[in-house]
Every structure is written in C-alpha cells, then in structure tokens.
Amino acid sequence: MLTIEEIKKQLKDKYQNSIKNFDSPYSTRLFVDIDKSKVRDISNEIIRMGGRYLVSVGYDNIARDKTLGLIHNFSMDRDDIFVSVRTAAPVDNPEFDSITPDIPNAGWSEREYIDLLGMKFKGHPKPKKLILADDWPAGVYPLRKDVPWNLMPPAAEDVAYELDEAPEGCTTIPVGPFHPTLHEPAHFAVFVDGETIKGCDYRGFMVHRGIEKLCQTQLTYNEIPFVAERICGICGSVHAATYAQCVEFAAGLKISRRAEYIRTIMLEIERIHSHLLWLGIAGHLIGFDTVFMQSWRVREAIMWYSEKLTGNRKTYGMIVAGGVRRDITPELADELRSVINTIDKELMVIYKAVAGDTSIHRRTKGVGCITTEEAKLWSLVGPTARARNVDIDSRRDHPYAAYDEMQFDVPVVDSCDVWGTVVVRILETFEAIKIIRQALDKMPAGPIMTEFDENVTPMRHAISAVEAPRGEAVHYLISGEENRPERWRVRAPTYPNLQGVPAMLLNDQFADLPIIIGSIDPCFSCTDRVVKVDVRSGAMSHLSSGDLEKISRAKKTAGR
Amino acid sequence: MNIDLYGSLLTAMAILLGAAVIVPILSSKRKLAGWVNFILVAVAGVMLLNISYITIFQGGGAETQKIMGIYFLIDGFSAFFIAIISFLAIMSAFYSIQYMEHYPDYKLWSYYLTFPLFIIGMIGIVTVDDLSTGFTIAWQLMTIASYFLIRFEYRTEGNVRNANKYLILMELAWVFIIVATFLINGSAVGDSLHQLIEKMGATSGMTLYIVYGLLLVGFGFKAGMFPFGQLWLPDAHSIAPSPISALLSGVMIKTGVYGIIRTFFWMVPAEGYDGQLWGIVIASFGVVTLFIGTNQALKQVDAKRLHAYHSIGQMGYIILGIGSALVMLNSASVTVKLLSVIAIVGALYHTLNHTVFKGLLFLSTGSVLYATGTKDLNKLGGLMKLMPVTAVVAGIASLSIAGMPAFSGFASKWTIISSNILAGSRIMFLVIFGIIALFISAVTLASYVKFFGMTFASSGVEWTVAKKIKEVPATMLIPKLILAILCLVQGLFPFIYFGLFISIFKNSAGSILQPIFSEIMFDGMVVNNAMGVAVTVPGMQGMVSSVAVPLVVLAVLAAAYVFAWLLRKSGGAEEKEAPTWLCGYQDLNNKNRYVAHNMYSAFKKALRWTGGNIKK
Amino acid sequence: MLAKLCKKAFPRSLWVYHCNSGACNGCDIEILNVLTPYYDIERFGMKLVASPRHADVMLISGAVTRPTLPLVKKAYAAMPEPKLVFGIGSCASGGGSWFDSYHVTGGADKAVPVNYIIPGCPPRPEAIIYGVALALGLVDKKASPIELKQVEFPIDAYMKNKAWEERNVIYQVLNN
Amino acid sequence: MWLTSKIKQVLMVLKPGVVTLKYPFEPHPVAKDFRGQPSWDHHKCVGCGGCAAHCPARTIMIRDVCQDLRIMLYDGSRCTYCGRCADVCPENAITMTEQYELATNDKNDITVNMELFMLTCQRCGRCYNMETTNMIDKMGLKGYRYDSLEARAVIPRATEHLDIKMLEETEHYKRPQK
Amino acid sequence: MDILYIVVNILVFLALAPFFEGVVRRVTARVVQSRQGPPLAQPYWDILKLLGKQNLSPGNLAFKIAPVVALASILSVIMFLPLGYRENALSQYADVITLIYLLTLGGVACLLGAISSKNAYALVGSSREMITMIMVEPVLAMTLILGAVKVKSLAIPASVLSVTGAGYGASVIIMLVVYLMALQAFVGRQPFDIAEAEVEILEGPFIEYSGPNLALFKYYMLLKQMFYAALFVIVFIPAIKTGFYGLDVLIQLGFVLLVYVLIAVLGSTHPRLRIDQAQKIYAVLIVASLVAVGLSVYGI
C-alpha cells in the first residue's frame, strides 16, 4: 500500500528538479505539476509504482498564461489514489513528449488533442486525425477558446481519411458506419485473409457532437447533467453521477447520505438494465434471437420501474450536482424490491439455460482472446478486463456514493475470451440486485438535495471515476467562472476498451467480429463525445469566410 | 479401302511435316506464318477427320497395317482420338494466328516448327499399334515438340525449369512403358499389340502384374493421374501459350486415357488377367485423382493453373469411368456387366466433352490474358461488359465443366455417376465412388463459380489493369464460338453421342468390351432418342435412369423462366442503376474487393492436406 | 392487377433500415425494444433489415453529424423507391441539444426528406409504435400546434409585481 | 449438456407465454410522473424567459417584437423532455404532461407559440429586473432578445437594441452540404 | 391426368410456400419468443410489396438474370417431385441425379448474382453459401441414392418413394436423423444460416438485391425450403395411401406443416455457427450418410 506521502517522496527523490508543485486537496487525489520535459519519465515512474493509465486531459489556458495544458491521469487501484500529472506548453510551440510508445492506451487521448487543440506529440506512432470530420480544415482547433461553438467550416469534396494499408494479400472489408453489428456509426476497415481477420483500422468518432461550446450560450453547472446523460443513452446516470461528483469535489460540497444511496440505486438499476440489454444484444449478434427476446422481456420490468421512479425510461434526469431530483418513496422502494426479485428469478432461469449451452460455448469460448498482460497493457476496464483476470472495479477500489457500505463481490474470471465477459456480466447483474437490496434496507432518511450555491472557485481541479456497466467512466473537471466549468473531460469506458479491440480481433474469424466488438459492449457515442464545457473568456473572434476558405484549400492541397 | 485410310493418314502427316518445314521460314511475317500454319493444319486435320468419319460411321479400319516397319491401327476407337486431336488442332491453329501477336518480343519460328510436329506425335500415339518402335517415335516426337512449346516463354523466370521437369517426367513415363513392354516374355522390338497379347499368355502371373502396373503408371503420368499428374501438369499447362495449353489439356493428356483403355481393354490375354482387381485399382486411382485434383484446383488463383488442376480432376472422372467399367465388366452379375457399357461410354463421352470445354476454357483465358495481360484471378474481374462474347462462351464452358444440366459436362458425368451408383447396389464401394464423384462435381462447380465470377462478373479490371480493354478480334472469337456451340450440342443432344460411342465400340474389334456391345438386346435397353437417353437394364425393374434432361428439362426450365420473368415484371417496377453499397463509408475500390484467393477459405483450410496450396 | 395489389401490400410489410447518424444509443435501444416481446412491431409486418436495398423505411436516429451527413444521403440513395424516412428522437427530428454545434449539421431533415418525426428523448417504444401506426393510418394524429395568447396582463403577476414594488427598497428610498 | 440446456431453454420460453401488449389498439398508460410534452399555462407565465435560458436544448426561443409583446416559441422537435424548464419556472407555469404520442409528419405540430404581454419599464424599455437573488433573472433579459423563430435558431445574445445585421446573419446561417 | 399432377405440384408449392414461412415466423414468435408475431399472411405481403418496388442493380447482365434462373430452377425441380405419391408426366425424363444438379443450378444462379453485385459482403456470403452447398448437397444426394440403391433404379418416383419401402432399417434411421440435422442447412436457418448471417454480412448474397429481384430470390428461398420439407415427408414418412389423390396430398401437407414447426423450433433455439464449425458438422453428416448408404447396399 502506498500513501500519497510515499508517492510524493518517491517522485521527489527521482525528479527533484522537474517537479514544481504538489497539490492534494483530498486524501485520495494527488495533482503533480511538472516540467514538460519529464512527462514521459514521470508517467512511466507512476506506472511502475502500480498506476493504471486513465486518460489525458488537454485544455486551453491561453487567456491566462499563453499555454496549452496537458494532464495525464493515473489510478492507483490498490491504494485508492488518483494521480494527475499536470504540465503545460506555450501555445506557439505546443509540443509534448508522447507517452504512447510506453502506454499504448494514451494514443487516442493524444491524437484527440492534436485535432482539437493543435498540440503536437513527439514520438507518437500514429499521429493521424482521430476526432474531426474528414473534411475539417487543418488549423482550426475547436477546443480553443477563440473558435466559436457553432463555427461551420465549408464542406470540402475530395478530402478523405487515409485508412491504414491492409497487410500483404489481405482484403479490406468495410464494416460500418451503418452496419447492424454496430448500431452506431463508426467505421472499421477489417483486413481479412479469407475469413481470418489480420488486422483492422478504426475510423470512428462519427458521433462526435462537440457539445462543448453549448455553455457559451446557456449551460451552467446544473444543466450539464442533462447533457451528460445524453452522452450515452444507456449509461446516462453514470456520466451524470461522475460529473456531479466532480463538481462536488471542486466545490467542496458534501451531499446528503440519502442522496448518495439513491445515486447508488440508480447506478445499479442502470447496471441491471444495461447488462440485460447486452446479454440480449450478444444473443442477437451470434444469431440467437431467442436470448435477445427473452432477456429484453425480463429487462422491460426495470424500464417500467425506471419510468415510475424518474419519469423516463432512460436518460433519467435523476442526478444533478448537489443530490438527486426525486426521492424513492416507501411504495416505490417496495415495488423496486418486487421488481428485482422477479428479475433475479427470471435471470437465473436464463442463466441456467444459457450457461450450459454448448452451441453458445462454440461461438464464445476461445473467441476474442487476449492475455491478462495484454489487457493490462491496453488498460482495459470493466467486464472486458475482468473477463481477462484483471481485478479492478472502481466501486471497490475508489468507493463513491454509498458503495463503501455495500457488501458485494467483484466477479473475475480468467477465461480471457468472450465467454468470460458473458459470465462476468451475468454475475454482476446478480451482484447489482444484491446491492440494491442492501441499499434499500440501509437507506437513511434525510434530504435529497443539498443546496449548491453554484459559486465554485475557478480553476479547481477534480477527478472522479464511476464504475459504469461497461467499465470505468472517468471525468476530469476544471472549474471556471460564470457558473460553468472551464474544462470538463469525459472518458467513457469504451474509450480504452475500443483501443484493445484490434488485439482481440487478430486471427479470429470474420464471423466472430460482431460478438468480439459486441463483447466490450461498445458505446461509440460515449467515446466520441468530447463534451468539453468551457467558458467563453474574452472576445470571440470570428474567422472570416475568406480565412476559412484559405484554410480548407490548404488542407485540400495537402491532402493530395 | 484400308490402304486408302492409311494412305491418307500418312498424307496428312506429311502435310503436317511440310508445315513444320515451310512455316518457320515464313515466321518473320507473323500473321502470314499463322495463316499458312492454320491452312496446312486444317487441310491435314480435315483429312484426318475424314479418316475418323469413315472408320466410325462406315465401319472401316480395324486391320493392323505394317507401314515402314511400324504397325499402324485405325479402328473406331483410335479414330475417335484422331478426331478430337485433329479437331482441336485446327481450332488451336486458328486461334494461334492472332494470339501469337501477343508475344511481340519472341521469335515464332520455334513455335511454328514444333506445333505441327506435336500434332503428328499425338496422332502417332493413337495410331501406332505397338509399344516399342512406333510408340517411341511418336511419344518422343510428341514430348519433345511439346517441351519446346511449353518453354516458349523461356524468358519468364521458372518456365524453363518447369518445362525441363515436364520433359524428364515424360521420359520417365516412356521408360516405364517400354520396360513394361520388354518384361513381357519374348517380346521383341516392333511387336504389334496382337503379338504382345499372344506373348503375354506365356508370361507368368507376377510379371504380368508388374507389366500392367508399369503401363498404368506410364500412361497415368501422361493422363495426369494422381500422384503423377500433380508433378508436372499444372506447371506445364499454365506456362505454355494458351492455344498450346488447350491442346495439352484438351487432347495430349487424353493420349494417356487412350493408352490405358488400349492396354487394359485390348491388351488382355485370355488367361492370367485379373480384370476385377485392375478395375478396382484404376477406379480407386480415378477417385483419388478426381478428389485431390479438384480440391487442389479449388485453391488456385491463377486461371490457367486452375484449369490445369481441373484437368487432373476431370481426368479422374474419366479414369474412374474406365476403372469402374472394368470392375463391372468382370462382375458376375449380368446386370452389372451391362452397366459397364454405360460406364465406358461415359468415360469416352467425358473425354470428348473435356476436350471441348477445357479447350474452350483455355482459349477463353487466353483471350482474357491477351486483352488484359494477366491471368491472375485476384486482379481480374468485371470483364462481362467489356468482353461479352468471351464472357458468354466462358460461362458456357464453366457450366459445362461443372456439370450443370443441359450443358455438356452433365450428360457425361451423369453417365459415369449413375452407372456407378446403380452398380453400387451390388458392389458397395462403387456407390461410394459415385457419391464422391457427385460431391466433387459440386467442388468443381465452386471452383468455376469462382473462375467465372472473378473473371467476368465481379469487379476488378477497373483498378488493376490500366490498359484499355476491348473484346478480342474475330479470329480469336470464331474458334471459341465453334467450341461453345459444340459444347451446347453435346449437352443438348446426348443421344447422338451415345449412338456415336456405341458404334465406336462396336466397330473396334479385339476389346473385351466388344461382346457386350454387340449383343442384340442392347437396343431395347437404351432408349436413345430426341427425348433423351433412358436406360432400362434387364434384372432391374422399370426404367432405371435417364438423362433425358436436355430437351425436356430445358423446356421445363424455359417455361419456369418465362413465369419467373413475368412475375418480376408484374409489379410494374422500374429499373435503376445504383452503386454498390458498402455500409456507407467506403466506395468500391481495389482494396476492398473480395478477391479470388479469399473465396472458400474455410473449406480450403479444412482441405489443406490435399496439397496444391498456394503460398503467400 | 398485380401492380395494384403490390401498392396495397406496401404498408403491410414495411422493412426497416436503421441508420444511426450520430445518436447517443438511447433511441437505438428503443428501436430494438419495439422488436421485443412486449411491443413486437412484427405484428405490423415490420422487420429490421440490414441492407438499405431491402428497406422501405429508414429510421434515422440521432443528430446528423458532420461526418455522417454524406453517408446518410448515400444510404438514402441506396434505398429503392418507394421509401419513407422516420426521424426517431429529438436529435433526429430537430437536432437535439447539439443542433448548432460545430460538428453537427442538425436534424435528419437537413440530410434527407423526412416523412415522419417521432420526438422523445428517447421516445418510448409505444411512441415509436404510435408513429408507425400513424404512418400506416391506424391511429389519428394527436399533436397539433398550440397557440397561446395572453389577452390581458397576467393579473397575478401584476399584483405580485405591484406588491414587490411597494416593498422595494429603492422605491422606499425614493419615496422617502 | 446440449440437450439439457435446450430443454431448459424451451422451459424458459414456455412459462411467460405471449406477453405482447395490444398497444396502439389499447392504451398503455404511462407512469404517474412521466415527463412528456411540457405544457405552458399562459395565464401564469410572466415571460421571464428562465425556461429559455436554462433549456439544455435551447428549444424555447424568444423574440421581443416590441416593448410590450414577447413571443415565446417552444420547438418540440428538439426537446429532450428533461423537465428542467418545469423545475426552474418561478411561477410553476410549466408542467410536464403525460402526452408522449407526438409523432407527426409536420414539425409545426409539436410547437407551442405564446404571445405574452410584458411589463417593461416605461422609461428605459427594459423588463423589470425583479428579484435579484434569483439566478434565472440574473441570466439575462437585459434588453431585447431576438431569436430567429423562422429558422428555429437561437441567437445567443441579448442586445440593447435590435440590430438588423444580426437578423441577416441568422437567415444566412446554413450548415455545410456535402 | 399426369399433366394435372404437375400443375397441382406447382400450384400447391407456389400457393403454400409463403404460408408455411408465415407459420415458421408465427411459431418462432409465439412459442419461443413470447410475442405475438406477424400475421400468417405476412410473407405474401412481403413478396407482393417487393414486386412493386424499384429494382436497383449495378447494371450487370448476370445480376439481372440470376434471380429468374434461380426461381426457374427450383420450379422445375418441384415439377419432378412425386407429391401425393403419384408419378407425373415428367418423371421419366429425369432421374435423381438430374434433380440434384437442377437444385444446384438454383444455388449457382444465386451465387453468380451475388458475385456480380461486386459487394464484399455478398462475396463473403457466396463463399460461405458455396461451402454449404458443397457440403450438404451430398447429404441430399445420398438420401435419394439410398432409395436408388434399395430399388436399384435412379428414377425419381422409384428412388424417392422406396426409402422406407422395406420399413425402417438401420440405414434409414441414420439417414433420417442426418437429413433432419441437415434440414436446417438446406433451408438456411439457424444454426446454419451462415451465408445470410444478417448481423455480420447483411444477408450475404442478397445484399445488393432489391425490389422484384429480391422478391424472386425470397420466393426461391421459400420454395426451396418447402421442397426440402416436402421431400422429407415424401421420403421418410411411410406412405399413408388413401387412394384419393387430393387426400394424399393433404395428408402430406399436414406432415409438411409439422416439419415446419420443427424447423422453427430448432431454428430459434440455436445460435448461428461459424462456417468452419458448421463445416465440421457437415463432414460428420456426410460420413454418417455414407455409412447409411453403405449399410443399405447390404440391405440393412
């Protein structure tokens, strides 16, 4: 077990000169300000200490000191500590050392800021466009504050993303964006030899809706939860809860215990509905529609209950900064008990019917195999990781809401394949039912909302993680002026998992592609969000249309 | 009359020899040389066809004739082979005129020197009546001439090596056959087959087994029998110029079939010949050949190699037919004995069909090669609009080789398979052989769906072959059209051919088959008319099998087609062209074409052990 | 005659092509939900097809983002006539919360002609079935534009304001 | 193994029987507090514009035609039914109804158009800045608001006076076509 | 009279094939998936609707001809089928081998159409379809050959009707089981709907087809499905001959209905296999049916 002091000491011993400042507002959070030249070394050092890479956050700090900020976040799972390594580079030469060669999972985060903030990463293995549309002109960085939120560069005709070259002798099969496996627009160029997958390239982020500049017109701290829920229609509460926790951390707000219990219940309800949904989809993906129909039939009960409790079947609108919107009355609590009892029973029937079915084993066992080491290397999270014997769960490792008082198991299996994810998810559903029962029993009385005065001190950093059904959702928030965050970074669980998919696909059959991609329960809309909410500070400068044309022309010629 | 036949045979050979002398001299004028070559070959060919016609339909030949110390024999059986050789030679020569333009940097004198010699050699093989002197001359002429034809493109890497391999293996086959001949007790150089048969009677049983074994291996080499065919056939056939490939695959390997039938049905002593055993051996070789050959063919992506491997596969059918005929012939049951007729007719019918459709396939691929410069199925595609005539004839040939009803392959495969299955009710392994043959015909189909689909239907040339692609000139189309028409005729009117083969065997004295063929009740057994061929065998109830398909089934199909067509029109829907839908993000391009080598990957993987895998 | 019958058959067998142009998953899940036992849209002869070539109806869910705009158009063009387009959910019907964001083009109507919209975030499965039934002519349209006009000053507010004015400090100061 | 699980599967499916609801031929009631289409009580509305200011989808647009008349347009086509407007409304003039059967072939069917009389300072022409502690009021209303109701676009600026240029900008506001 | 049988064959198949599909969909929905399911007439509407739609094509001749050929070939196969245990006017013009090849012709048309569509998915699908065809056609062939061996004739009515002629021997029982297992593959349903797998290759060979062309293909699939079901009934259900043609046909159709219910239940309780896995199962089926044929030679 490491403590924050030990981490500080170890870092100080080695990198005395590069470390500018330590900041630890809570006993579980450590922010380290460092010089940008040592980014790579210190990141590696933290990984060596047992850290797990979470996400990088880049932000525009030009108005204050003409720099672009970059924060690498790590989680010490055994010690319940989040370590954030903060650094900055001047805007006229925003070059950082890339940490991707050591931490492959950072690849996308860094590519994201190449696109959105115009940063440069030295040594990045694949500095290609990631987020923005193919025809987005180079040199327009939408996350920078001088770019308006509704800027619409003209469309360019002949700009295309250059997909990776297929290996020798392989054919590309284009999968997506409108493909029944995906349900969401994302493009996989799958390189096959015959039907064996020899690699794939991903061109996703087609659901990137760039919500960030919304706040420049309207959104404030307490509207963002509603937008956060719509990052993803399935695990909306997770994002709302993570966001709300970030705000509460930044504001130093302690919410009532009852609200925390209700949040716990909401998160677990969401887990049940999401896992049942996934089970159905997985059945559908291997062509077993009966499983799909039956598990969705079972799931419907919880949807109806959610409607009663929150007023909507999904995107509940329950969790806001400072508490929750609606209370669980005793009648609703009783109904919830009976609903989860039915689900418990019916799911057990499904589980028994599915678990021993050799025809399902055929399609799932030994499919999408990657080793535990690879899973750790790619920083996989959630059931995808737990099916590969990586024992992480932020509910247990970084307790939040009321999880510190809950008794539950974290199912971990070592089959390292798709079947493992099936088992983990079904078992987790039973655990979720257990947690809801406990929460209903233990729930204290009290207010559900704590007054949130919306006057958060600017430039406070906060990080928070919530275990979503798909894995761990991480939010990073920098508070800002005018009742809005300066920067809000969301890392959905699919973000790291999706980067591990090519490794899972390798040497499997094309017919297994749906279930392998399905096994991480992908949620591209979460992944593609980049919901950064920041404040327009200073004057808004419009690029004139002439400028834009110039820019897009430059891009076109460069593209040729 | 006989003298007349042999005289014209020699004349034809002389004309061909003349061609070999004259044409190389003219070879600097490419087109002219081609035309002269074609005219001379055609004249000789017509004379040879005339010989066949007279022999088969007017009952000529059948007497061994000693000319210049070599025994010659023209009976119905050899006449059939003369016919297919000379016919395909004419087609090939015609096709060569334009095709050889395709090799601007190669001198043509060697081609036009060896082309007629090659034909002389083949004609020789099927007409000489010994296994020593005349045979050696004919064999060497054929082998050496074809060797030079195969190594024609000697500048391409690997071609000379493959040609050398061919030469060595063919000489080895020759050694086998010659050794077999001299193992026969008291055989002398220049003995005719009749003399050999007499001497065989005096040979001990064990030696006889060796003799037949060596003969089978020797001719098996030529016929592309497993495992010998795999050694040379695909390499040699795929590197030769296309008209030569057509000749090699279409007729040269048939000389092996000729040899096998000649030795196992004619060169049979009254005593000491275990027909049942040799039948089983040959049939087993046939089944293995067709199984392995076709499965190997499935893996190919080079169009000509694909055809070449299929030649092995199709030879397997013929060998199976021969073998099972031999088994049935030596069976105790009268009924099964009668079925041997169907089997051997099937074998010969398939020989004819294979000549036509394989010739056609090689010529079509040649045309594709001529027009696009590649024969790699991974690169080809989408030629249907650009080369419609070639596409149609290649389609006919593909359906024929796959054995689709109403096309030529069907009638002959049906004959072989059904006779095997019917005989199978008495002899169990024959039914298994029949089923394997049926199974393999599905594999053949798969392979030709790939060939046709990937060359003509799918997309490809838009991106891979930059040249402007046009349909090939008429001189290259006419031979293909003739062959295609023949393909259709053979498929649609099988009764003509059944009659033909029956009269061939009737007119070929000396074989162990002749007694059955000449039995009178035969006419009542086979209903052979425009409605198709139906077989009733005494001892089996009712009509047992029929290949009436062609016309009746075609009529049925046509009626159904009209119905379906009307159904499609009935909704009043309009037609519109639309680009291929690939999930939106990508448009069809060279990288996301699903190319030939990807097809049937799971099946190919399961059959890796059959060999013939292509390396990547 | 058959042609007439074919026209009649069209609404009885609508094959649905689901095109997610940038949705959050909520609507997609509800679209799948209408296939499940409780809602079972197959009752109306509808089924989900995978290729736009087979489709009669395109369900667009989600705001049309900048990258998917050309793709949605392409998918629409790939469908054979006659065809219908349904915009499912708030994003597809009007662009949702991000209708004017830099990476979003707007609702589905910005890309293709939309025949019916089914608002909701996400719409309940019943709402989707209702939309389908509306298109099939099984139910009546319930939504209609609402025009509200204050014909007079809202007295309550007025009174309240008056009261507020009375106790307002500034006024008090002024009065004093 | 295979057989037993198949039998289990058959048993699993037999128990529930056919569960399909009869909707739309029979209504399927929604939960009590369902968040359906919001409805405005124009008798209560004071036209503060708080709902417009707080709507995450910015689906409520305001145009001040003149000093006394304010038009509020609720464009239901992009409403996310989050209920935030009902939460913030100081007068409780907005309620979330149970109406969810909103499918239509015309976007205008799900709009609410309100014409409100405004109380404005006769001297400066601004709305009264009422309770200054109220966050909603703090948000704006410092002058005219002119959203392009025709294009259903929000112009995120409250201006001191009406600017014709701004209007032109709105009408030329167009998304890229490709 | 003989001609009448042909007409009845065609009419029965054309009229009832969509109905039986409706039954499958209904059974799948009601019995297995707890939902109401489409009306029984749904497949008719589907086909009618497709006939009235626009016909999109990549402008290739083979693409346009393929559906017509496919439907024609299955129709001609159906004409030869001895429904109601009656030989018809066409029976003598073909034998079982012809039947098998004719069936393959339909498949080939399908494949060529798919390849002509130039779509990678269609090609993956046709590659799988072809493997399925190679591997399961022999099972069909051997079922027919089993009868042929027993009766020593390849004529269609004789060999089709004689499988159970001498009662249920070991060979017949093996063949029956094999046929039932292969049935799902014949009719392209789970677990063997690999070629048309909707979630991964979007209905494979048919991905580019629309409107009337697709209608023809759908009809072809329906007829093929009914053909295999009817063949099972004719071959393996011992003849219950009432002497009245109409009644015989009705009884057989009743059995066909049962086979369809079986297809539906089997299809909805299995996930789709991968082609390499299916291939192994096919291989087992082939070997088993070879054993059955071998046994039948010895009269077992």
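We just call them A, B, C, D and E in the order they show up, numbering each chain from 1.
To be clear about the criterion, a residue touches a chain if its C-beta (ideal position, glycine included) is under 8 Å from a C-beta of that chain, and two chains touch if they have at least 3 such contacts.
For clarity, every value in this text was computed on a predicted model and none was experimentally measured.
Undergrad: Between chain A and chain E, which partner chains are common?
TA: Touching chain A and chain E alike, sorted by label: B, C, D.
Undergrad: Which chain wins if you rank chains by how close their C-alpha centre is to the centre of all protein C-alpha atoms?
TA: Nearest to the common C-alpha centre lies chain E.
Undergrad: Most remote chain relative to chain C, going by C-alpha centroids?
TA: B
Undergrad: Looking only at C-beta pairs in contact, point me to the busier pair out of D-E and A-B.
TA: The comparison resolves to A-B.
Undergrad: So, comparing C-alpha centroids, which chain is the farthest one from chain E?
TA: That would be chain D.
Undergrad: Rounded to the nearest whole Å, what is the centre-to-centre distance of chain B and chain D, using the mean of the C-alpha atoms as each centre?
TA: 79
Undergrad: With centres defined as the mean C-alpha position, give me the chain A-chain C separation in Å.
TA: About 27 Å separates the centre of chain A from that of chain C.
Undergrad: Would you mind pulling out the distance in Å between where the CA atoms of chain C average out and where those of chain D do?
TA: 14
Undergrad: Can you compute the centre-to-centre distance for chain B and chain E, using the mean CA position of each chain? Integer Å is fine.
TA: 34
Undergrad: At least two other chains touched by the same residue of chain A: list those residues.
TA: 135, 152, 155, 171-174, 177-180, 195, 214, 226-227, 230, 290, 293-294, 297, 307, 312, 315, 359
Undergrad: Mind pulling the chain E residues that touch 2 or more other chains?
TA: Residue numbers touching two or more other chains: 32-36, 48, 51-56, 120-121, 124, 127, 198-199, 202, 207-208, 211, 269, 275-276.
Undergrad: Which residues of chain D are in contact with two or more other chains?
TA: Where chain D meets two or more other chains at a single residue, that happens at 6, 9, 13, 16, 18-20, 30, 56, 58, 80-82, 154, 175-178.
Undergrad: Determine which chains touch and list them pairwise.
TA: After working through each pair, the chains in contact turn out to be A-B, A-C, A-D, A-E, B-C, B-E, C-D, C-E, D-E.
Undergrad: Considering the complex alone, what residue numbers of chain A touch chain D?
TA: Per the stated touch rule, the residues are 135, 152-157, 214, 216-220, 223-224, 226-227, 230, 290, 294, 297, 304, 307-308, 310-312, 315, 317, 325-326, 349-350, 352-359, 454, 483.
Undergrad: Using the touch rule from the top, collect the residues of chain C that touch chain D in their complex.
TA: Within the complex, chain C touches chain D at residues 37-40, 43, 66, 69-70, 90-91, 93-97, 99-100, 105-107, 109-110, 115-121, 123-124, 126-131, 133-134, 138-139, 141-150, 152-154, 156-158, 161, 164.
Undergrad: Can you list the chain E residues touching chain D in their complex?
TA: Its residues touching chain D are 30-36, 265, 269.
Undergrad: Which chain A residues qualify as touching chain B in the complex?
TA: The contact residues of chain A facing chain B are 166, 168-169, 171-179, 187, 189, 192-196, 203.
Undergrad: Taking the touch rule as given, give the residues of chain C at its contact with chain B in the complex, in rising order.
TA: Its residues touching chain B are 2-3, 6, 51-53, 71, 74-75, 77-78, 80-81.
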